[in-house]
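Same chain, two partners: chain A is paired with chain B first, then with chain C.
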Partner chain A sequence: MKPTPSSPDTRGTTLVNHWQSGVPVTTGPVLTPLLALLMALAAIGLILAGVRVVSPLAPFSSMNSVYAWGIWKTFNVMTLTALGSGPLALGMAAWVFNRQKLHVVMRTALVSGFLFYATGLIALGFDVGRPWNFYSAAMPWRWNTSSAMLEISICMPLYCAVFLSFEILPLFLERLYYTGNEKARAFLRHVSPLIRKIYPFAIIGAYVIPLMHQSSLGGLLLLAGDKIHPLWQSPVMPWLYLVAAALCGFAFTIFLLLIVCLRYARRLDGDVLAELANLLSGMCFLFLAIQAIDLIWRGQIHAAFAFDKMSLLFLLETSLILTPAVALRFRRVRQTPRALLNMSALACLGGMLYRFIPTSIAYAPMRSTSYFPSVPELVMAVGYISLGIVAFVFAINYFAVLPGEASTWDHAFRPFGWKHPTATQATAIEREA
Partner chain B sequence: MNILTMPLTRRQAFRAMFGLGGTVASAILPMKAIASTEEHPAHPVAPPDAVGMLYDSTICTGCKACMPACNEANGLPADTLLSGGIWDMPTGLNAQTKNIIELYQDPESDEFAFVKKQCMHCLDPACVTGCPFGSLKKVDFGAVTWNSSLCIGCRYCEVACPFEVPQFEWKALNPKIVKCEFCYDQRLKENLEPACTAACPTGAVIFGKRDALLDQAKGRIAAAPDKYYENRVYGEHEAGGTQVLYLSSVSFQKIGLPKLGNTSLGHYATKVTSVIYKWLGGPMLMAGVLGFAIRRNWNRHELERLKHEKETGFPDQL
Partner chain C sequence: MLDTLIPFSKELETIDQRLQLSGISRRSFLVFCTSLMVAAPFGLALTDKASPEAVAAVLGKVVRPPIIWLHFQDCTGCTESLLQTSYPGFADLILNVISLEYHETLMAGSGLQARQALDEAIQKYAGKYILVVEGSIPTGAHGVYMKSGGRTAMEVLADVGGKAAAIIAIGSCASWGGIPSADPDPTGAVGVADLMPDHSIINIPGCPPNPYTMLGVVLQYAADGTFPETDEQRRPKFAFDRDIHEHCPRRAHFDAGNFVKVYGDAGHREGWCLYEMGCKGPDTHAGCSTRHFNEIPDVWPIGIGAPCIGCTEKAVAFKVPMFQVVQLHTIAAPPTSFAPITTTRGTISPLATGLVGLGVGVLATGGYVASRQFSKKQDDESAPGSRQDKGTGA
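Up next, the complex of A and B:
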């Protein structure tokens, strides 16, 4: 097969390449000083998490009964799982709305999403006060079905442990195929048709369940009632939380793809990124439309332009979402990597702000107590994020995650011990199944 | 090609109709069923056995006899942090204090009032609505109680409670939720009134059936018009109604009772989701619709994959 022809990049801004499949990173050392630093941070975070097991929550964190939820819940879970909604947003676009170009970047979204969810769940595990009672989750007769918290506490681990894990399973099987012995390959030839059988049914759950729990995260805050500023406290919060998740999912996938392509000097595929940018812009407009209609409906639009602290915060959040929404309507912006990176970063920030503010800054209970995360809380939160980044770097180095050209795919597996040089041979073996 | 423009065979069309029809029915049919007995009505009605407390801030002398009585009945240690180990001196409801008398004093005028804080025992409690595994529960007499063996320590009750009553034991390795339980296990079950009302020497806080107390409170307002703030009982309608009722001569907000709407928070939070999630109708409908679209796209994707693999020689990735 001939590699995809790529024309020379004249301005340094045009995207030309065509991504065809996931290809591991093969250049450069895996362990860089930055990664070592992140590993150290992750280790410190996890050690502190261990300390947390034997120490009560209060002197350790600065949470109190008025601000009962600290940054582990409000940032690591409620904000960062929005960034981890790439598998939901891209998966729905690819499989339900048939945007076929997006299949090639699904793995990037899946791995980052899995890591956001996994680190968020670790954070939750060390945040709850009585984790030993969690076995009730397996006893439906104990469920309080009107609780949004029930939905989240069951669906989030289920989604991460079953559906996301199933979706990233091909990465591991593929690596096993290329590094394992003949016996392993025979086994994989046996199971791979089975996975293709299950896959379309599994992804139904992989989209329905996050649709449920991402909206329930907004539903959680409904019960807080007047404690949350009226600019954010609204009956449409579950919908806005869901749209913000999709928005952040698209935006973070673009951001991540551009960052790793920059870091590992990979070629970019303009069509795929432009498609993502298009969807991101649509999501931003959908979010703003729902929010505007809701504010007018509730008669709170004046609060948005009161120019007090909350109003300014709201306007900042809205402009962070509005800027990429408008900018990405222009084809020239969608095809300029630098602009795409900036705009996706802004959209990420805007979406994260929307998910973070109602749980913390706009959350103002009556009793005069303040909350600012303590040092162990911050270190643990940073540690979880570092853990995710470290795991992502290892994943892209040892598994076929990042999109690349199909012509580079076969030789990319040679560091894993794959002896046969031609791709046709690999296909022939798989075809026998 | 878009899913909407793909031609359907007759069999596929029937299949889709049955699938959609079934999921729509499963979502719509239960809606009629719940219309009659709503789990979280906007304005809940007190159960017939609902007991209550009536606290009249104009009678309370601030003697705080209710506080040690509460501590004794509930086996709570005295909070001696501020007093240097001598007196019970809590600064608010906390992990050692289920009941407290607070003083409101206007810094300019000489207006002052006492207020007794404890769980309000709402008719539709937000904490019970939010509690994932039913650890907090509204039991006989309408008392809201906490069950240690079901609580996972998520602290959603603290976020949900508009009165900021539930207190988490932050300093314990086996943390509990500390809140007034109307002395349910200790006294209410044995036909005794709660420790605080039993101890009150002035009758500022009295115990009785909620209906009777509401009538009595309205009688007091009628007997002395303009004595009480807004000539109304706090707790009659607040957040759907509470079983602890307040009378005060100064503003309820000044003595620390929040300004709340008359709709129960549980109704506000679950009026849409209770329909969507009834018998999982909404998720099933969603799964049906998504499954239909995914199946069509998947089949076409498989055909393209085989063609692509034959042409290029590269196996396709999932």
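Up next, the complex of A and C:
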């Protein structure tokens, strides 16, 4: 497998969304031993998923009549889609709050977010108990409009398969443009202005729809009532789930950028990372503020300091979010890559804990049984994640995903009818090529 | 009670007046109002009130509708069904809520007396009364298959029905022929709507129908002179817009693939789905699955282990063989065998906990190594990410 040769275009390889920036990885072999291991894990996971469809529920998974939500739902969907909310968080900051710098790392967030959602949906697909009725989801007249699950089951695939896919469509078009034949190039020259025109409008959905289902995930847990420990069960749970998604989105994007740039010896712009870190810190504080006000309002603040099992778990989760929130206020921490990596990892952990705990650890129906995922369940969950990582590695090797070198980044973004100083230059280079 | 009924039964009065004249204690009045609330909880004009007091407040406006009840080719099952109402009790129903002028099963008189009562009622309430028809009308051989007082059923219907304000066809027979119209249909049995298509007719099919459907229709007419919204087969939507299958208590067994194969088998005793025994639930629209009969939970065909025969559907009951499995149109049939999904107790495998511990350990170590590498590289020229790097790339 030979990696794609890099393009001569110094501005990166953008065709439709020239405000973004991306250069494929060109160094080193794609297939490493680690990747082979992950591919094997993904394969085992998918084979087990096939077995799941025909196997009885009982010995294969540990799910039972009391804990009907296994690790695929609580971890692969409820928790990991929070990490996959990078496109939502960055997109909101970049498009709505005009943090134009963030457009340069948008592609990394988009691809990782897409893969988190896609693997989560695959996990859900194999989790569905009556797969032969699944096609009804595509027929609105069969929807059960009084089901709380409907919003999520329609919204998530719609977001992933339509809006997020459209947002990463330029990656494929660019690859086709730079590696395809003359006919393909002519076709793309013809259609890309059209796509460029509808792009900003079409991706509106990509920022509205996740707001709905990310909060609905929390809303779903409201239905569990007092099965969930009062520290987490709260009317503001939809808000907290949404804020936790934004928090995890920022934190995971920082984490991922740092890790891949370390792995492929790339350079990163400290300004962009500092900006992200700043937003992450803000999100952490927002999350903690909502949670604290809610606890005081509901008179449950004493439960947080009861120092029993749940209280310690709550304090751990809160300190995991509070530490990066405070630390990232300091310029020196924001500008030290190692500290930034550690802090973003802590924030990721904290956010994931918040998203995970109410669905499983703090979820205690009044029955004398328990749930801990079985080995096949765990292997499948790990398999889905490995599948996502494998896809990500291929994506950054064959598509212009990772941000280009710092000097090629274009921070001056004007979306409609703009004239950029280097735009003419870029077209000239295209013609040469 | 009957003594007080006679002087007032010949004029249109409200339930309110009726109760005052017949004398009623405060307590039994409130019981009566409460029972009206229970009667037809379909959101109808009289019975959607929140409290007995609210019902009492509107009783003054509700006219007791005069009702003439005719039997044609029937089994009297619909009447038997109506006799079982408890909310309100049957005596309350015919004496206080409605004004039952003529009913061949319930009346004491016979022969000439009965005929006289019918003629008087028609004359007195011409254009005001509701005609309830039970049973199909034979049309074959000029209607000779049924005669009452020297007139054929067709003539009686034309006479009494023509002067009625509205007609309620109760039961499948009166709605579209029912059992008498089943093949080979020697009497040429038809429903009321087939003979008087332009008349204001409400069909309440069923074999027998739930009496509260009839009561709901009559009470709404009494309250504001309107009939409930109907579907294209003239059935009131409030009672006939549900698919039996969609609300069936045994639906979960259908979805799980638990089917009765033979009457009396283990599944039948467990209360599994009767789809494979020819249950017409998926094709039938009626309220039976949510509103059972005689106010006793689970008293309805499927509830007692008999498949639905689709009696409220013109095209199904008495037309499709009873044990023929219906075609599913809106949902896919589940597989006949299905992996079991019921587990009452969870188990915790030591291997799984070990694997989770191992995974967490690997991730933590990996994270630490990655973090260390940053510190190392920071000393090198090629430090990624730091501010000084800006602009030195490419």
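Following the convention adopted for this analysis, the second predicted complex is superposed on the first by the 381 of 433 C-alpha atoms of A that agree within 3 Å, B and C clash if a C-alpha of one lies under 4 Å from a C-alpha of the other, contacts with A are read in each partner's own complex, and residues count from 1 in each chain.
Note that a contact is a pair of C-beta atoms (placed from the backbone, for glycine too) under 8 Å apart; a residue touches a chain by one contact, two chains touch by 3 or more.
All values reported here derive from a predicted model rather than from experimental measurement.
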| item | value |
| --- | --- |
| Clash-or-fit label for the pair chain B, chain C on chain A | clash |
| Partner chain in contact with A:Asn133 - chain B first, chain C second, else both or neither | both |
| Contacts of A:Met63 with chain B and chain C, given as first, second, both or neither | both |
| When both partners are placed on the shared chain, which of chain B and chain C touches more of chain A | B |
| Which of chain B and chain C A:Ile357 touches, first, second, both or neither | neither |
| First (chain B), second (chain C), both or neither touched by A:Val382 | second |
| Chain B versus chain C as contact partner of A:Arg142, first or second or both or neither | both |
| First, second, both or neither for A:Ala265, with chain B first and chain C second | second |
| Which of chain B and chain C A:Ser374 touches, first, second, both or neither | second |
| Which superposed partner A:Ile396 touches (first chain B, second chain C, both, neither) | neither |
| Touching both chain B and chain C, residues of chain A | 54-58, 63-66, 129-130, 133, 136, 142, 406 |
| Footprint of chain A on chain C - complex, ascending | 255, 330-332, 334-335, 339-349, 351-353, 355-356, 359, 367, 370-371, 373-375, 377-378, 382-387, 389-394 |
| Contact footprint of chain C on chain A as seen in their complex | 10, 54-58, 62-67, 129-130, 132-133, 136, 142, 258-259, 261-262, 265-271, 273-274, 335-338, 340-342, 345, 369-375, 377-378, 382, 404-408 |
| Residues of chain A defined as touching chain B within the complex | 1, 20-22, 54-59, 63-66, 68-69, 92, 95-98, 100, 103, 107, 128-131, 133-134, 136-137, 142-151, 153, 170, 174, 195-196, 199-201, 203-205, 207-208, 211-212, 216, 219-220, 222-227, 235, 238, 365-367, 400, 406, 409-410, 423-424, 426-427, 430-431 |
| Residues of chain B that touch chain A when the two form their complex | 1-3, 39-40, 92-95, 126, 128-134, 149-156, 158-160, 162, 164, 166-175, 256, 258-261, 265-266, 268-270, 272-274, 277, 283, 286-287, 290-291, 293-295, 297-298, 301-302, 309, 312-318 |
